[in-house]
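Consider the two complexes below, in which chain A is the common component and chain B and chain C are the respective partners.
Then we have the complex of A and B:
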């Protein structure tokens, strides 16, 4: 069997898996982004309870293994009467985990907006919410974008773990093909290349162009 | 420390100052920055604060902008308390909402301009009027363009701060502060971060404001010549107190206090 005939036989399976991976990626990215923003802002709160809740979230999801978190959601929650769909559980676990890292990025970026910007907005009598939305967050986004790009690639790679709770993603399909064909080099090799192409030719250029857009908005390009 | 009940709820009488610092005290821990400061600024008056570094001059401006909280006394603007608010017939420290409203009558320009880098010059000047004063975008644009023309920056209105020189940025920053139509303008060492050749373009704008507009202004500067030319009064600060204050002619020609004399001769020697 040549690699070409391997692809013509099983290419469809890889495409199916890729689509599921893409969906997992997009859903967990959306969730992680929202969580990162919300908890990142909460980490900056002067209210001890609000800040405390965010610290607990970040510490828990950053300090424990993503795989354990995934299994916990999938295998332990049903014991408490909460059963979640595999697809939903998959992106929930990845989103929660990466969101915790993102929250720290958001917090750090907001804190590194120069003090003068806070004071200038204050001197214009802006309310704290407007100051954050109109002045601080747009600048924090520019600061955190490069690090955020790394996190997005990390997120993409983390989605491979959802195969372990039977979400039919790219990794799951590769594993299935491997056990039926024993063509380990081709199956996992193909999966490896697809993940790389996804990260290198879709995620990275998207992040780069976002960085360019941001630089232009700052009058820097 | 004096009880707040001994301070008036508002200033009345024939000559209410635009700004009054009344027994104001500012400390950082045990360190006393300003002690028992009393300073009145009349409507339309231009007062310049000079003094050695660490004398508390920038703190005076920052307290008036409410960027610093005060540890004693009360600051009044246009007769009304700024740092405090009346509650049940006595003054209590102002809450965030009161402060936001009260400080809207004050504009400030900073040493490092602090323009918003993600907005053009025009957008910088429209931001406050639209977001805080609730002007329509059209009204705010008209106002911003008028002010940018006044400071000679209308041609660069669509440029971002990164594309402007320090002097140009500072002129935009002045227009941005004026767009809020403040009663009091504060200039905190606005020429200190500028290259010598562009200082003139900023001082000319401030000079113009002094001659053509009836704004009350408080300025901290190291440029003695400029201070002498445009101020109605100069306050020399030393060790957290006003050591001496007078008209520029008098203070520069006949400084009475020994410390003022020393400071002025040191500055002259450096020039």
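Then we have the complex of A and C:
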């Protein structure tokens, strides 16, 4: 068997897996972004209870391993009568986990917006919400985008773990193909290359151009 | 579903024993990564273009593909070429390589922050490249790097559950085995979560202390 005939026989499986991985990636990215923003702002709150809740969230999801969180959601929650679809459990776990890392990035970025910007917004008697939305967050975005790019790659890599709860993503398809064909180098190798192309030629350039666009809009390019 | 304390007491010794394996896996993986990472960092600074480009691309590849897939790859590909690796060996190679890619970036930062004059002085007094690195550059670069390496130790620790996919007898694998035997997943997976949380919070605090101490010693702030 040549690699070409291997691809023509099983290429469809890889494509199916890729689509599921792409969906997992987009869903968990959306969830992680929202959580990061909400908990990042909560970390900055002066209300002890609000801040405490955010600290607990961040420390809990950063402190325990993603695989542990995934298995806990998948195997333990049903015991309490909450049964979630594997697909949903998958991006829920990845989103919650990466969101905790993201929350810290958001907090750090907002804190590093120069003090004068806060004061100027205050002097113009902007409401706190408006100040955040119009002045602080756009500048924080520019500061955090490079680190956020790395986090998005981490997120893409994390989605591979959902294969372990039988979500038929790229990793899962590769595993299945390996146990039916025993062609380990080709199956796992192909999957590795697809992940690499996804990260290097899709995610990274997108994040780079986003950085450029944001920097230009802030008049900093 | 209620929490069964008697069952907890029964399985706790086995899980704590497996925790030792987890810690050992993290320690060994980190040791491999620390050495290999330095090799990757220095290889990228040689004047031999093909080598620098290859290593650069390898580091990018290792960093942007999922660790769990790399573990499968190393474990299953060996036998195709007549090399059977035990789960432990395959797992340590995979984790070591993956984190070597991350650590090489930290070393690179350390080496790059050694002032240019130091290199010039070495050339001026006719030191060989090996001498330059060993006697002049690395003694200045390594302490700078160490201040940024601690987080990766915790990351490796949190990634060790992935080794369970090829059957390394670490904490996650023990918990899954116990869960399967007794049809009770609540206690084993929850204990795993608690063990991870306790160890990561504790080590995060001690690493922060250690890094602050190093920075103070080096007069970094």
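Structural remarks
In this section, the second predicted complex is superposed on the first by the 221 of 221 C-alpha atoms of A that agree within 3 Å, B and C clash if a C-alpha of one lies under 4 Å from a C-alpha of the other, contacts with A are read in each partner's own complex, and residues count from 1 in each chain.
Just so we're on the same page, a residue touches a chain if its C-beta (ideal position, glycine included) is under 8 Å from a C-beta of that chain, and two chains touch if they have at least 3 such contacts.
No experiment lies behind these values; they were computed from the predicted model shown.
Three-chain overlay on chain A, with chain B and chain C fitting side by side and no clash.
Of the two partner chains placed by superposition, only chain B is touched by A:134; chain C is not. Of the two partner chains placed by superposition, only chain B is touched by A:125; chain C is not. More residues of chain A lie in contact with C than with the other chain of the pair chain B and chain C. In the superposition on chain A, contact of A:212 is made with neither chain B nor chain C.
Of the two partner chains, chain B is the only one that A:116 touches; chain C does not reach it.
Superposition on the common chain A brings chain B within a closest Cα-Cα distance of 26 Å of chain C.
The intersection of chain A residues touching chain B with those touching chain C, taken from the two complexes, is empty.
Within the complex, the chain C residues that touch chain A are 1, 60-61, 63-70, 72-73, 76-77, 79-80, 158-162, 164-165, 172, 176, 179, 185-186, 189-190, 192-193, 196-197, 200-201, 204.
Chain A contributes residues 59-60, 62-69, 71-72, 75-76, 79-80, 153, 156-161, 163-164, 171, 174-175, 178, 184-185, 188-189, 191-192, 195-196, 199-200, 204 to its touches with chain C in the complex.
On chain A, the positions that touch chain B within their shared complex are 114, 116-117, 119-128, 130, 134-135, 138-139, 142, 217-220. Interface of chain B with chain A (complex): residues 65, 67, 96, 100-101, 103-104, 106-108, 110, 112, 114-118, 120, 127-128, 131-132, 159-163, 176-177, 180.
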